[in-house]
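Next come two complexes built around subunit A: one with subunit B, the other with subunit C.
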Partner chain A sequence: MTLLVLPLAVVWLGAALLALLDGRRRFVGWAAVAVLGANVAGLAALGARVTEDGRQELVTGNWPRGVGITLAADELGIIFAVLSSAVLLVALLYEVLAGVRSRTFPSLVLFMAAGLTGLFLTGDLFNFFVFFELSMIPAYVLSVYGDQARRKIGAAFIFAVVNLLGSFIFLISVAGTYHVTGTLEMRDAAERLADAEPASVMLIAVGVFVAFGVKLGLFPFHFWLPPIYVGATPAVAAILSGALANIGAYGLLRFGAALLPAELELGARALVVIGSVSILYGAMQALSRRDVREVLAYSSIGQAGYILVALAVGGRVGFFAAVVYAVVNSANKALLFLTAGLRGWLVGAAFVVGAFSVAGVPPSAGFFGKVAIFQAGVAEESIALLVLLFVGGALSFVYMFQIYQHAFWRPEASAGGREPSPAVLRGLTLGLAGVVVAFGIWPEPLLALSGGAADLLAGDAGESAP
Partner chain B sequence: MRTILTETVARLLVAPAFAVAAAILVKGYADVGDGFAAGVVAGLGVLLLFAAFGARATHRVLPVRRAFAVAVSGLLVALVVGFAPLLAGDPPFTHRPPPEEQVVKLGTLELISAVAFDVGVFALVLGVVVGSLDYAARVRKGDW
Partner chain C sequence: MILLFSGVVAVLFGTGAFLMLKADLFRVVVGMVMISNAAILALIGSGLSRGAAPIHPLPDDRLSDPLVQAMALTAIVIGFAVTALLLAIAYRVYTSHESVDLDELSREEVRRERELEREEISP
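Moving on to the complex of A and B:
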């Protein structure tokens, strides 16, 4: 029971304490790394407990269930919690090694970690919204982090306004759920939504989809994304695309598959269309860009499309693909954005691992993401979908290697007179690349945990189906 | 806009605003109210001062520069009170003394650990409101 709360308590208290100190001092940065490390370790221990004993649940204040706020850890939540905190840890480590440039940076990262940890481990709809905001507010501040903050304000303003609108729509959906079901507890709400009036539930479902679509950067809601990712420093871009965007994937899975399975099925065709447009739009835009970060930003839009398509296919195989793909994509993006800011020996090697992984070439982790997606396509028995997945994969292969060649193979790019980056930073990204390869060679833990999450979601969907 | 009217009204209303905030804070357990609402009401009191007398005068009478520290300390108090029951093996936000046990009373105020949590939330909200007001005032004046 303590294990369920401890990761959240540690990182939240740490964030508040470090907010009082100047983050530019080295020991503050390292203290933040230690706190976040403890958070990741605690979550990993919790993950081990969840895989052994199943879902862990706790109601705050010893109140009866339904009165107190529920905290709960299951396979789906814990996999995203560990992933997001680990990405934050790597990005924080990167920035501490490179030299923190603002007094608030370490504490903001910890606040975001507290928000994300809480969000993935809550079993309560309103608490989900609270932690959602707790992780978004640091993101708004971090989006102007670094040099030339004034230039970034335009993009950051759009980012904040669009995402606040998304949050507002989400809040309306939460209120709607409460209105329809009379509960904020996710499991009870899931049960009662199945019997509620379909028109109101559909409205809630659309609100939830828009809110998380904005977060994930899906096609019609993507326009805030490229300027933010391009303007952000490497660490912040890694944080936004590798950790924060997980809210979107997790939210779609948790709300779509577990809470609103009937509506997910009803809207499946529309979701496939939106996902496909996202894949093609992201790939086409990425293909036409020459700046590494721009390519990665548009690639994120395309990759979000795969997650949506897998979700729409549904069933165990679809949810499994969505989870695996979301995890792999988040690791890829963290690796690539961190590497994109570096120069020097072995940086190209780390980048090419990320590029392999995006394109789905073995032995990188991305291979299993692509395999899972294709399995979902086969399960759907749709040739059009398989062709789309193949074309999307081929395009990602082309744009990743085009940009790899452009950034690392041209003589003027490599001998541009720029100093090589510090060896520790290159070592860190190389280590991260090692992790991506390791998950490609030994994917069992990832696949087992994702399989557990998919069983959970498919079970929920099966129960509430008529 | 500084006129004799606004200044007089502000002077008359500031103390009652704080008194109402304190009442909301302590009444929360038997009646409607809590630390959040109390913080907002107290913050509105400070807003009156800013609006009627300007940033400089407000800085002279209140430690506005400490707003950030007040907010963070409030957050720390709230978090420590919230998560402390973990040490005793209870779920977070379990209050002491537990339900149906004898509580020390000060008038209508019941001294339970949840009061400390709400005091923390009060300080957090007040600190954030005052800090934001001060920031907005500085941006407009440009001379601070």
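Moving on to the complex of A and C:
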């Protein structure tokens, strides 16, 4: 049971302590890496426990269940928790190796890790909101990290305002849930929401969808995203797209599939349409850009569309595809954003692994993401959906290859006066690329854990596995 | 009472949304504050009940719901912190661009993009 509290407590205390020290000094950076490493190790141990014994639950302060705040870890939460903390660890390591440029950077990353760990491990609706804010506020600050803060500050303001609006809409939905069900415990709320009056629950569902749609950067809510991703330093862009965007995917899965299954089914068609528009819009915009980070930013919008489409297909197949795709996508994006800033020998190789993974070429992990999505499309028995998925995949192959060519094959790009980046950074990205390939060659752990999460959600939705 | 609350929440949210669409950064911040307060009022309204304070409840007492108070307090603190952060960002925008008008900022950005493009074409 202490395993549930420990990863959160370690990283939270570490963040508070390191906030007092100057993050530009080397030992502070390495201390932050150590704390975050402990967090990842704790979460991995918790993950092993969850896969063996099933759901772990802890009511804080030894209160009876229903009175105290619950912390809970199940397959869905733990897979996103481990993933997000691992991406944060890699990005922090990258920045520490490259040289931290602001005194607050290490502690902000740790605060975000605390927020994300809590968010994925909480079983309480209001605490979800609190952790949500705790992980968003460092993101607002990190978005202006690095040189040329003056140019980024306008985009950062819009980013903060739009996401805060999303957070408060989510808070209103939490208030609505409490009003309708009289509880904040997620599982109790899920049971009582099923019997509640449909019209008011639909309003709650729409609020939740808007909140997480903003976070994930889905099509009508995406406008804040490209300027932020383009302006951010590689490490921050990797953090935002690889760790923070997981909130959106996890929130849609947790609230859509576990808490509001009836509303998800009712709105499935609308979600498929929004997701499809997102896929096509992201791919088209990415195709027309030349700057690597701009292409990646628009590609994120498109990839978010896949997750939404898979969620809308629903059932075990759909939820499975959504989880696998979200995991693979965040690993890809972290790898690509980190690699995009580097130059030198073997960087192109790391980038091409990420690019192929986005396009879904074996033996990269992206292949299994695409396979899962296609399975969902086949289960839906819709030709239009399959065509859309195929076109989206083909377009992503084209634009990823295009920027690879543009960034690494042009003579002036490879020899354009920029010296090769430090070998440790290149080694780090190459290691990350190795992980992406390893998950493509030996995907069983990922698929088993995602399968567990999908079983859980499909069970909550009251459907039998197909 | 709940009707009154929902009316106030609606007016606050509407006013906040209207202000957020303005070009002036500080109006946007004020709009954000109003929306956060609308959310807090919605929280209080969600568990509105008349009764005694639940300090030492007896079985047949009528109690008011303490949970919404706790949630509202937490949300107020978060809203306050976030407002401070937004104001800090807005102030940074003001000191670096000497303007708090979003339209002007985007015009400047377009101008800079054009200059960059021109430099790229003819180095």
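Definition applied: the second predicted complex is superposed on the first by the 462 of 466 C-alpha atoms of A that agree within 3 Å, B and C clash if a C-alpha of one lies under 4 Å from a C-alpha of the other, contacts with A are read in each partner's own complex, and residues count from 1 in each chain.
Note that in this section a residue touches a chain if its C-beta (ideal position, glycine included) is under 8 Å from a C-beta of that chain, and two chains touch if they have at least 3 such contacts.
No experiment lies behind these values; they were computed from the predicted model shown.
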item	value
Clash-or-fit label for the pair subunit B, subunit C on subunit A	fit
Touched partner set for A:157, first subunit B, second subunit C, both or neither	second
Touched partner set for A:184, first subunit B, second subunit C, both or neither	second
Vertex subunit A angle, Cα centres of subunit C and subunit B, expressed to the nearest 10 degrees	40
Partner chain in contact with A:97 - subunit B first, subunit C second, else both or neither	neither
Between subunit B and subunit C, more extensive residue contact with subunit A	C
Partner chain in contact with A:130 - subunit B first, subunit C second, else both or neither	second
Which of subunit B and subunit C A:62 touches, first, second, both or neither	first
Subunit B versus subunit C as contact partner of A:206, first or second or both or neither	neither
Partner chain(s) touched by A:194 [first = subunit B, second = subunit C, both, neither]	neither
Closest Cα approach, subunit C to subunit B, once both complexes are overlaid on chain A (Å)	6
List of subunit C residues in touch with subunit A within their complex	20, 25, 28, 32, 35-36, 38-39, 42-43, 45-47, 67-68, 71, 74-75, 78, 81-82, 85-86, 89-90, 92-93, 96-97, 102, 105-106, 109, 112
Subunit B-facing residues of subunit A, complex	1-2, 5-6, 9, 12-13, 16-17, 19-20, 58-62, 68-69
In the complex with subunit C, residue positions of subunit A that touch it	126, 129-130, 133, 137, 140-141, 144, 149-151, 153-154, 156-158, 160-161, 164-165, 168-169, 171-172, 174-176, 178-179, 182, 184
Residues of subunit B defined as touching subunit A within the complex	69, 72, 75-76, 79-80, 83, 86, 89-95, 98
